[in-house]
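One chain, chain A, appears in both complexes that follow, with chain B as partner in the first and chain C in the second.
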Partner chain A sequence: MNVKETLKKTEEYIAERLPVDKMNYASMVQKKEVPVHRLSWSYYMGGLALFFFMVQIVTGLMLLFYYQPTVSDAHASVEYITDHIPAGGLVRNIHAWASSLMIGSVLVHLLTAFAMKAFEKPRELTWVTGILLLGITFAFGFTGYLLPWHQIAVNATKIGLQTIEQIGAYLPGAMSDWPRQAKEIIQGEASVGQATLSRFFALHVIVLPLAIFAVLGFHLVSVQLHGMSKGIDEKPRSMEKFFPTFFLKDLRVWGFAFMVLYILGVCLPFESLFSYPLFEPFDPKGSTPDGIKPEWYFFWVYYPLELLPLWVILVGSTLLGFVLMATPWIFKNTNRKTLQLIAIVAGIYLIIMTVWGENIYHLFKG
Partner chain B sequence: MRTNPFPIAWKLLIVLATANTLQAYPELQKQIVKSSGRNVNCAMCHEHSDGPEGTAPGQIGHLTSAEQAELGRARAAFNPGGNVKSPILNAFGNHIINSLGKKQFLELKVTPAELADKLPQDSDLDKDGIPDAVELRTGTHPLIKSDGQPWLLFKANFAENFTQILLMLAATILGLWGLRHLLHGFDAATRSDVCDEYEESP
Partner chain C sequence: MIDLFLYIGLPYIAIIVAAIGCYRRMRYSKYSMTARSSQFLEDKQLLWGSAPWHIGILVVLLGHGIAFFLPSVWSAILSVPMATFIIETIGVACALLALAGLGTLIYRRLTSARIQAVTTTADLLVVALLFGQVLLGVLSAMNFRYGSNWSTGTVVPYVWGILTLRPDMAYVTGFPMLFKLHLIGAWLFILLLPFTRLMHILAVPFQYLFRAPQIVIWNTTRRRRHAVAATAKADSRREFIKGAVGVTGATGLLAIGVSSKAINYIKGAGGDLEAESALLEKKLKRLELTAEERKYELERQRNTMILVSTYKELDPVKGKYFIDYAMAPGLAFMGKDCVPIVLSAKCTHLGCTVSSTLDANGKVMCPCHISYFDITTGQPNEGAPAKAPLPQIGWALVDGTGKVVVSRIPGQSPQGEIKPDLLAQCSLYITKPGKATA
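Entry: the complex of A and B
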C-alpha cells in the first residue's frame, strides 16, 4: 500500500467517524431520534455526568475567588470560605458532593455504554474519548483532594505519590529510576509541599479543565453526529424525537439531580462522613491521624493495593487500561449478553470494594 | 448490701495525687473510639490535637504567666460551676469541667462510658442540632458544626432548612415548566412548515 492509498484510507476512516457533512442543526438536533427500550434510562447517564461537571465549573469558579493555594493559607482560606463567606459552606459542600456524584455517574455511564455496545463502528472514537474523559475525571479528583491542605489530603497524596516511586523496583536498568523522576516532577520538590500544591492547583484549575473541554467537545459532537447507539439486540419499542422530547426529559433528570445535590449540600456536610482529625490542618511536625485513605472512587484499586503485591496491581492496571482503550476492537464481535454480564460483574466488584473494601482489608490483615 | 468504698476511694486518691502530672486522658479517648468506631484525638477537648504537653500554641510550654495562673484555677475547680477557662482546653473541655467539676470528672476516669450521661443533655456548643453529649457518644466533635453523625446531622439540617428546600423545589419545578414551554416554542418556530406559514401570512 503506497502513501496515497494510506492517506485515502485514513481520510475515509476519519470521515466515517466524524461525518462533518452532518454537522448542521437539522441533522444534529431536528432529525435526531432516540430509541425507547428497557435500557433507555442509561441514555441519561452521560448527560447527568455533564450536569455535575457544569456544577463543578460554576462552584469551582466561585471557590477560586477566595481559595489561597499556599501551604500557609490554603486550609485557613477553606475554613474562611466555609465559615465566613455567605453561602460559602453550601458552595463548597456542593462542589464536594458534585465531584463524587460526577465520578459515580461517569462510572455508571462507562458500564452501561459497555453493556449496550455503544462502542460499535462508527462510534470507536466516541468510546476512546470517553475513556480519556474518565482518566481526566479521576485526575480532577486526585488533584482536588490535596487543595484543602488538611491531614487526609496531604497524607493520602503522599501515599499516592509513593506508590508511583515503588513501581521503579519492577523496572530494569536505568528505567528503574523513571518512576522516582516522574514522582518528583509531579511533586516538584523532595516531599509534598508548596511546589506540589502549586502544581496540583495549576492542574486542577487550568490544565485539566482545558483538556476536558477539548475532549468533551469532541465526545459531545461525536454523540450528536452519530446519534444514540441502538443499545439492545431487539427492535426498540419506539423512537422519540431528541428535540424537544428527550432533551426535556434530560432536563427533568437534571432538575431532580440538582434537588438531590442541593439537599445534600444544605443538609449533609461531606466532611461528616469522615472523622474530624482528618480535616485538621496538615502539620508536618504533628502526629498523623489514623484512617488516612484516598477518596471512595479509588477504593477499587486502593484496597487490592494494600492486600496484594504491587506488581499484581501494576499488571492488572496496565491490562485494564489497555482493554478499556481497545474495547471497540477487542469486543467487536462479542454479543450484548456477554457484554452485559461483564458489566454486571465489574459493577458488583466496584460496589463491593467501595462499600466493604475496608472490611475485606481487615479480614485479611487483621 | 453495703458496698466497700475503699477501692473507688483509693483509685480516686491516686488519681488526685497524680493529677498534676496526668495531662491528657487517654482512657476517655479509647472509650470514644471503642464505642463510636471513629478516630478521635485530643482536640476533642484540648486546644492542641496532640494534647497539652509541648510548646506549641495551646500547650503548657507555650503559656504565659497569666495563662498559667488561669490553668492553676482550672485545675483547682473541683466543684461544678467554677466558670473556669483553662487555656489548654477548648470550649468543650472547659464545658466538661464547668458542668461536672474536676473531682467528678476525675472519678469518671474509672468509668469513662458514663461521662456522656453526666453531661448536660441539652447543651449544643456548635449549634449543629446534635447535643454535645450525643456527639461525645458518637465520636464527633462538639465544636465543629460540619462534624456530626451523618444521619443525625442530615435530620437536624433538613428540619432547620425545610422552608429553604421547599422554595428551591418550587423554583426548580417552575424553571423546568418554563423551559418546557420555551423549548416547545423553539421547536415549533424552527419547524419548516411553521416557518413557511409564518412567511406566507400577511
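Entry: the complex of A and C
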C-alpha cells in the first residue's frame, strides 16, 4: 500500500515536470508565448549562451583540424594556426572571445533566472540541469585553458590542480593522501605533463561536449515544454508569440552578438590582455613567470582563495554548490523582491571580484 | 570673338542670371519650385518615362559631379583601367536609359490631351533641349572614348577657372564641335534654370524617402476608402520587402564573408614552404626537448644517482637548477661550510618553480605568490602563502674514480670527510630516495 502510494506520487511528480503529452509541435512551437515586461531582456540570455556555444562548436572543430595535443607540438601547432593558416588567428581569437562571452552570458542567465524565480514548480529540473550546464561550462574553460601549452596555461593549471592536493591538510590519517592521489588521477602523472594534456584534450573535445549535449538537450526540451516563466509578480504588459515573433527577435540578438564577436575577433587579440612572456612555450625546467592567473571567470573564487584560508573557500564553495543545486526547494517560498536583491548582491560581488580582484588582493597582501 | 562669348561671356551671364533668378524665385515664389506633377492626369506612361529618366540622369550627373568636385579622387579611381571601363559603361547605359525615359515623356506630352492642357512652351523647350543635351553627351562619349578620363584634365579646370574668376578658354577651344555644343548646352541650362520647371532640381524632396507612400486621387468617399486600404496594403508590403531585402542581404553578406574565411581556413596555408619548414624546425626542436625530458625520466627510473654538476661549478648565490627524482625542479647551491645545499625548487604552496638567485637575506623567492625560502633550512618566511619547507634532497659527492666521498640523506648530517682540495675533483649527484648510496 505504502509502496504503491510512493510509486504513484513519484509518477505524478515526474509527469508534472516532464509533461510528455505536450511534446508536440503545436504546444512546443505554435502555442508557446513569451511575456513582455520590464525584465523581458533576460529571456534572451539563455539563447545568447546557446549561440556562443554553437560558435564554440564550429570554431572548435575548425581548430581541431590543425591542433596537435602533444607537449612537443601543441604550442607550435597553435602558433602555426595563428600565424600561417588563413583566418587561423581569427578563428582562434573568436574561439577565445566566444568562450568568455559564453560564460558571461551563462552567469547573467543564472542570475536573472534566479531573480525571476524561474525555478518555480514545475521548472525545478530545468534549474538543476542549468546548474549542471554551468559546471560543465566552467570545466570547458578550465580544460581549454591548458591546451595551448604555453607558460600561463600550464602554470595556471598546475596551481588549479594543486589546490585539490591542499585539501589533504584537513583530512586525518591515511585520508590526508587521498586528495593528492585524486589530483594525480586527474592529471595522469606526478606533475602536469603529456598525460595531463591528453586527458584535458579528451575532456575538452569529447567528454564535455557529449555531456553538455545530453544535459543541454534536456534543458532546452523542458524550457519548450514548460514555456517561459512569468518572471514578475505583476501582470505582463502583453504576450508575444514564441514563433515567429520571439524567435526572430532572438535571431536579431544573435546577429548582433555575432557582429560584436567578429569585430572583437578581428580587432582585439584575446592574448593582448596579458603580457607576452606568458605565451612562450612551457619550459618544464624554467622558473614560473610572474602574472600567472586563471581566466577572469575564475577570479570570483581565485582571489578569495589567495586571501583566505583554504577551508573557508572549501566550506563556502560546498555550500554554494549545495545552495545552487537545491535552490528550487530552498527558495520555494521566497518572494521575487528578495530573490532580486540576492541576485543583485551576487552580481555586484562577481563584478567587483572580476574587475578589482587583483587590486583587493594587493590591498591585503601588498 | 564668338568663342569668347560662348565660353566665357555666356557662362558668366548664365551664372549671374541663375543666381539672382533662383534667389528671387526661392524667396518670393517658393511654391513654384516644382515640376508641377501631372500624375493624376496620366500616370501609366509617366511611370515608364519619369522613373528611367530620373534614375538615368541622376547617375550621369553624379559622375559629372564627382569629376567636378573631387577631381583627384576621380582620377585616382580612373587610373585603374577596369574602373574606367566600368564607369564609362555605367554612364552610357544610364544616359541611354535617361534618353528612353525622356522619349516616353515627350511622346506623352505630345499625345495626351490632358497633358497638352497643362503644357507651357517653356516645358517643351526644356524637354527638347534636355533630349538634345543628353544625346550630345552620349554621342560625345561614343565618338571620343574615355571622356571620363580626358575631361577631368580639361573641362574640370575650365569650369573651376570660370568659378574662381580666372577664366581660361584655352582648355576648350580645341574640342570637337559635338562636345562644344554639349558644353554650351550646359550653360544654357543654368541660364534657363530660374525660368522653367527645371527649378524643381533645387527642391530635393528628401523627406519622400522616409514618408509612407501616397497616392494622388480625386477625393471622394469611395476612393478614399480604397486609398486607405491600398495604402495599408502597400505599407505592409513595403515593410515586408524592406525586411526581406535586409535579411537576404545580411544573410548573403554573412554567408559570403564566413564561407570565404572558412574555406580558406580549411584549405590551409599550403604552398608556403618557408612557413612549413619553420614549423617543422620548431617542432623538431621541441621534440628534442621532449625527448631529452623523457631521457631524464628514464634515467631517474633506472639510476640510483644522477649527476647535477661538478663541485667547482656550484655557486653560493646563484643556484643550479636540476631535475629531481620526482621530475620536479631542484636547486643546488654551495653552502658556507663548503658543503653543498641541495633542495627541491618546487614551491610547497602551489608548485611553482622558485627562483635560483639568493637575495640579500640568503633566501630564494617563489614569484607566484611571493614566499621566501631560507635555503639552509628550506623554511618559508612568516606569513608566506607556503607553509611547508622546501624538502632537502639526498646527495653524494663522487670523485673521479666513482667513489662516494661525502653523502647526505635528508634530515641527517653529511657522512664523510670534507676536504676542499679533494672535493674540487668531485661531482655532485643526487641520490634516489630510499636507496643506499653505492
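Keep in mind that, in the parts below, the second predicted complex is superposed on the first by the 363 of 366 C-alpha atoms of A that agree within 3 Å, B and C clash if a C-alpha of one lies under 4 Å from a C-alpha of the other, contacts with A are read in each partner's own complex, and residues count from 1 in each chain.
Going forward, a contact is a pair of C-beta atoms (placed from the backbone, for glycine too) under 8 Å apart; a residue touches a chain by one contact, two chains touch by 3 or more.
Treat the numbers as computed from the prediction; the structure is a model and nothing was measured.
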item: Contacts of A:Phe65 with chain B and chain C, given as first, second, both or neither; value: second
item: Partner chain(s) touched by A:Glu33 [first = chain B, second = chain C, both, neither]; value: neither
item: Chain B versus chain C as contact partner of A:Glu240, first or second or both or neither; value: neither
item: Which of chain B and chain C A:Ser272 touches, first, second, both or neither; value: first
item: Contacts of A:Ala87 with chain B and chain C, given as first, second, both or neither; value: second
item: Partner chain(s) touched by A:Gln162 [first = chain B, second = chain C, both, neither]; value: second
item: Chain B versus chain C as contact partner of A:Ser191, first or second or both or neither; value: second
item: Contacts of A:Glu358 with chain B and chain C, given as first, second, both or neither; value: neither
item: Which of chain B and chain C A:Glu120 touches, first, second, both or neither; value: neither
item: Common ground on chain A, meaning residues reached by chain C in one complex and by chain B in the other; value: 255, 258, 286-287, 289-290
item: Complex interface listing, chain A residues touching chain B; value: 25, 30, 82, 89, 243-244, 247-248, 251-252, 255, 258-259, 262-263, 266-269, 271-273, 275-280, 283, 286-287, 289-291
item: Chain A-facing residues of chain C, complex; value: 250, 254, 261-262, 264-269, 272, 275, 279, 282-283, 286-287, 289-290, 293, 321, 323, 326-329, 345, 349-356, 366-370, 385
item: Interface residues, chain A side, partner chain C - complex; value: 62, 65-66, 70-73, 75-76, 79-80, 83-88, 90-91, 155, 158-159, 162-163, 190-191, 193-194, 255, 258, 281, 284-290, 292, 306, 365
item: Residues of chain B defined as touching chain A within the complex; value: 38-41, 43, 49-50, 139-141, 144-150, 153-154, 157-158, 161, 164-165, 168-169, 172-173, 175-176, 179-180, 183-184, 186-187, 190-191
